[in-house]
Amino acid sequence: MTQPKKDESKSALVVSAHSADFVWRAGGAIAKHTQAGYAVHIVCLSFGERGESAKLWRKGGNMTEEIVKASRREEAMAAAEILGATVEFFDMGDYPLRADKESLFRLADVYRRVQPHFVLTHSLKDPYNYDHPMATHLAQEARIIAQAEGYKPGETIVGAPPVYCFEPHQPEQCEWKPDVLLDITDVWDKKYQAIQCMAGQEHLWEYYTRVAQQRGVQAKRNVGITSTKNIVYGEGFQSIFPRVTEDLA
Amino acid sequence: MTQPKKDESKSALVVSAHSADFVWRAGGAIAKHTQAGYAVHIVCLSFGERGESAKLWRKGGNMTEEIVKASRREEAMAAAEILGATVEFFDMGDYPLRADKESLFRLADVYRRVQPHFVLTHSLKDPYNYDHPMATHLAQEARIIAQAEGYKPGETIVGAPPVYCFEPHQPEQCEWKPDVLLDITDVWDKKYQAIQCMAGQEHLWEYYTRVAQQRGVQAKRNVGITSTKNIVYGEGFQSIFPRVTEDLA
Amino acid sequence: MTQPKKDESKSALVVSAHSADFVWRAGGAIAKHTQAGYAVHIVCLSFGERGESAKLWRKGGNMTEEIVKASRREEAMAAAEILGATVEFFDMGDYPLRADKESLFRLADVYRRVQPHFVLTHSLKDPYNYDHPMATHLAQEARIIAQAEGYKPGETIVGAPPVYCFEPHQPEQCEWKPDVLLDITDVWDKKYQAIQCMAGQEHLWEYYTRVAQQRGVQAKRNVGITSTKNIVYGEGFQSIFPRVTEDLA
Amino acid sequence: MTQPKKDESKSALVVSAHSADFVWRAGGAIAKHTQAGYAVHIVCLSFGERGESAKLWRKGGNMTEEIVKASRREEAMAAAEILGATVEFFDMGDYPLRADKESLFRLADVYRRVQPHFVLTHSLKDPYNYDHPMATHLAQEARIIAQAEGYKPGETIVGAPPVYCFEPHQPEQCEWKPDVLLDITDVWDKKYQAIQCMAGQEHLWEYYTRVAQQRGVQAKRNVGITSTKNIVYGEGFQSIFPRVTEDLA
Amino acid sequence: MTQPKKDESKSALVVSAHSADFVWRAGGAIAKHTQAGYAVHIVCLSFGERGESAKLWRKGGNMTEEIVKASRREEAMAAAEILGATVEFFDMGDYPLRADKESLFRLADVYRRVQPHFVLTHSLKDPYNYDHPMATHLAQEARIIAQAEGYKPGETIVGAPPVYCFEPHQPEQCEWKPDVLLDITDVWDKKYQAIQCMAGQEHLWEYYTRVAQQRGVQAKRNVGITSTKNIVYGEGFQSIFPRVTEDLA
Amino acid sequence: MTQPKKDESKSALVVSAHSADFVWRAGGAIAKHTQAGYAVHIVCLSFGERGESAKLWRKGGNMTEEIVKASRREEAMAAAEILGATVEFFDMGDYPLRADKESLFRLADVYRRVQPHFVLTHSLKDPYNYDHPMATHLAQEARIIAQAEGYKPGETIVGAPPVYCFEPHQPEQCEWKPDVLLDITDVWDKKYQAIQCMAGQEHLWEYYTRVAQQRGVQAKRNVGITSTKNIVYGEGFQSIFPRVTEDLA
């Protein structure tokens, strides 16, 4: 785990099934909040060594799972560094990702340690990728454990941080509907830099640039054309829980 | 129409199918925002003279639609006064509520005049009350007209104010799911005072008091038990559009 | 309108978009309840003269809308007779069926007169037939009007009779899901006799016989194979409102 | 397991994730049916020792899981006693609740022994509490096993008892929609007495009293204001299977 | 109406709420099929003169609805020309679009004349634009009328052409889920040329280029990376009816 | 495993929870495609020895699980033979069906070996039968594993074959909606012959004959009554992924 660099009062937790997911799907949100002083911590449940490292495997020769994992770890650490976040690897394996109680408690302990003000993770469904909803399930259940007074009694429990599902690769096929659009225009440079760390998935760079541009146009549209806000890049999120507020505007 | 009393920079619009709906379903939101300086304007599409004035009709004798309407208007004006809002009556008739183009344009003109920062109206469905979704439809379509440059060209168009569906009488039967919980604890007194203006529907006073208490408990739960916020009364809303934000906490 | 033949204490109302719908979709329910002493009244909003009388039109020659309507009326009256129900024709036209306020009030008046203990009508959606959900909408809204004290004050209002959507032609495509299965085994003979009155739609006789058999097997399965009930024919219905009960078995 | 006290012909089974759930969510249904002569048996899969015993844990000092479990068992037994039901504890652990094949077969065996005429359990989803849908899953799968001739061949299999999901804490967030409202007015006293056994969750007493009142008002509304039934308290349930009936009124 | 240029055996119908919708949302499908010999006919229900001509209205001065409409007509005709399709304008007005029986029959007559092998129109919902689902409704109902033997008896009725909803501006907000991805790579040039005819909506050119690229990547993914197909641009569609086939590959 | 008899270029994979499911639900599709030259391979995850062999168990006496399994295997092999397909038995057990990683990889290896052009399996939900969605889950996840370069690197990965859910016993209760109707008229004889191999479930023969007839009528309706296709028997399927096409007719 890379060392945290900040000691501010707010924090966030990102639960990523594979080691690159947090970049494509939440890199803007991470950079935006670290820039605002949040300590953002990322947990990569696996390296995506089997299912999301095609380019490495195609090199053939003496490629091994260990080499792939090391390479993916390096990429993820570089990306997290750029985004200003800390990152931790659970190395649970991918394709399939499976969670036992031990992993669940390990993640609950991260919640207790990080005390996040919000949580980012995958969509609830994804017919193309079963590791993704599995990660969401784990992130949700670990949050519930971390809230329980009876789990490691005496420790400080966590509150009720909002949980957001970040954007899957084919949103409509995953029954994912964004109800929050985050303006990431001022941190786009960082996100694109982080994206470029993912050398093994270059075919996705332009895809996720366009995703950001589309969400930017939509965010612009949803604040209204009379707004003076100049939104160019955005990220979409789907809330799991209702938000509590004092102002509806 | 009663006269507006404020000249602040923010405003809101409430579209109510019948003249009491805005009290039960959004009285807290109205009071909360007028207290914060918003100019809140209410449009009552009908008086609910046929369908929601049973107590008056049961008096029998020489009861007429005109008397019922006058009585309902008075109640609504008193309630709006307490909540600090202005109110306007379209008198379109109820059971059934029907809207022609003229009513649509009339409401679009209200949007243009009020330039609301947010809009409150009914749920998208209600199998018990067909006037309610009809009002939602009208509120939504009028907003779209008011956004169009080609409608009364030269006038100032409206932006993209968020639209919230307030709580129907039997929420689950209306496929209504709150994604926003508003803390109305500090204006509950005003809401309950406004509720008491509805002399003809006394059987609903306690029902909607309990609704506010339940939403309060739920709001408390969704900010987390570790929060120091003391929420006792709440109102739930369902957003129609994604919100655009700079912060996810 | 044929004359009612019964003077029992319970009644039901069937709202049928076209003059044969009530036979295919609710003939069993009608016969079952008239046999049990209910006065069942059917309103046919149209004769289905344009859209559901292909066989007649294909005869060509001097066929006219009047002849088609007369023929369809005769068939429907014969079927209603067999089922033991009364029938009334609104003659509102089909393809498209359109309802103005007058039709709405006319149907509300039927509700007031019949005071139904339950109501049967079409599904909420049907991409193959827009007259069907239109009929459902009318049946639902008329019920609401008939419940209102302020509509024709002084008349006896109706209570809250449950409303059931009967089975459309292609159930899954209409988002129709049966939550009630009615055992019609002991009145199947009558239903099939009524079906045979529909000379113009002979291609549907066997189709709806099979529908009844499939729903029968499903009903049998849902009471459990240990049950001694011998269900062979069934009809499925989808409830719109929750039912109120004293016993969950 | 406390001893059954009745020898009547009808029975019901309640599957409760934690030892208090059956009280808040189904106490009225239990009392209503035991009063009518049903033998109602409750299975508590866990004591809720970790996740639903905050008050006990906050006492601190020498609190242990064993003490919490004993206390919760006592409360549940007292509540069951008041409701007239028998209760059994599987002690599977909570937060998280996990079921292996052994637990599944154990519950299937309870089905075989109880031969329930209906089953009550949790909602299908609950983003706040993953133990709840897990309990539903187990209750459903055990019912299927108990129906299979090939599971412990020679034993009497179970029929097809209806399964009802009782009300979760935040119904709309759990996609829970009641389609059955049970009138519990005449057993409310017992339910409230049972609720008061839950000393550790006093903050929920008034919450669930209001839930009962709201469901009571809704039940009243769904039988119609013309009904002479005086319903004050209710419980809502969502059916999983279609019901088979001979009468639609 | 521009003159049809082809006399091939297959045809298609596009129903567009405003005069530019068919370009953004279905330009590729149109070009693809005209290139394959289909006669594609487009009906523009309105010119989008009020709601989708902001740039023209902002010119101010002596701008009138007639000038806007003429300009929009010209653009649409130029685009249709490029795509190889014929186009017809119903001039029903926009914001709001409203359809009476006359318009419905007029469109049904187009169906009868064109005898389409498939139909393209808008999504079923669109909270940003109420004209769009209204157009879908009209297209669907006109198809049903055109299928009816009793509508203008003696004319050749239409079969059951599949209906596809093309992509709305914010797909997830419209509950639109593509189940068909059309490869438009080889006609992209034409689509982009047609897009450039829409001088008044230049801000959308790049947006819809990116839409095509994203759907292209997704199509590529759904044929599988082992496929040799080189798909770069795509269009997504949502089917309303099941398709009938002889081969599942 | 029976020996494959064909060496054609196209193939399909059927994943069946119990050894008879593939006959009732996909027998037509299998016969249709083997007749067209496809090599169709069936994997039966279990024999349905506990849950779907009631008739055998009721024989009593010395019946054992081994005898039941042998009998079911024989029936399935005979049916597969008639349909022209190969079949393989995983013998994972039923009621409940449970899958570990080993089974998952075993199925992934079948995907790699078969290289299917399409896949048939169960519905996503089934409240009557939890083994069915479990089989779907396994079939889907194994497909994903088989697509991964990092799973057994060096082997030929699979592409993106479409996955279809075949029809469950009570389609509406399983949220199953067919979007594809396959004409199986010319292979009905074979399907019915295969059905007759299922001696232990004779009560289902006529049920699934009627299912085929109903889907046939619906297919006929969806190609349009003007079509000259004579469809009598059909099978319905629900797609999980969007299909990629070059033609919309």
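We call the chains A, B, C, D, E and F, going by the order they appear; numbering starts again at 1 in every chain.
Here is the rule we go by: a residue touches a chain if its C-beta (ideal position, glycine included) is under 8 Å from a C-beta of that chain, and two chains touch if they have at least 3 such contacts.
Since the structure is predicted, the reported quantities are computational estimates derived from the model, not experimental observations.
Common partners of subunit C and subunit F, by the touch rule above, are D, E. Ranking every chain by how far its Cα centroid lies from the centroid of subunit C, the top place goes to A. With every chain reduced to the mean of its CA atoms, the largest distance from subunit E is reached by D. Interface subunit D/subunit F: under half of the residue numbers present appear on both copies, so the contact uses mostly different residues. Look at where the CA atoms of subunit A average out and do the same for subunit F: the two points lie 37 Å apart.
Distance between chain centres (mean CA atoms), subunit D to subunit E: 53 Å. In subunit A, the residues that touch at least two other chains are 54, 128, 147, 173, 178, 218, 221, 225, 236, 241-242. Pairs of chains meeting the touch criterion are A-B, A-D, A-E, A-F, B-C, B-D, B-E, C-D, C-E, C-F, D-F, E-F. Residues of subunit E touching subunit B in their complex: 49-51, 53-54, 57-58, 60, 63, 65, 68, 95-96, 98, 127-130, 173.
Here subunit A touches subunit E in the complex through residues 54, 128, 169-173, 175-178, 206-207, 210-211, 213-214, 217-218, 221, 225, 236, going by the rule given at the top.
Interface residues of subunit A, counted against subunit D in their complex, comprise 101, 104, 137, 140-141, 144-145, 147-151, 153-154, 240-242.
Chain contact summary for the complex, subunit E toward subunit F: residues 10, 12, 29, 32-33, 36, 38, 117-118, 120, 147, 157-162, 164, 178-183, 218-219, 221-227, 229, 231, 234, 236-237, 239, 241-249.
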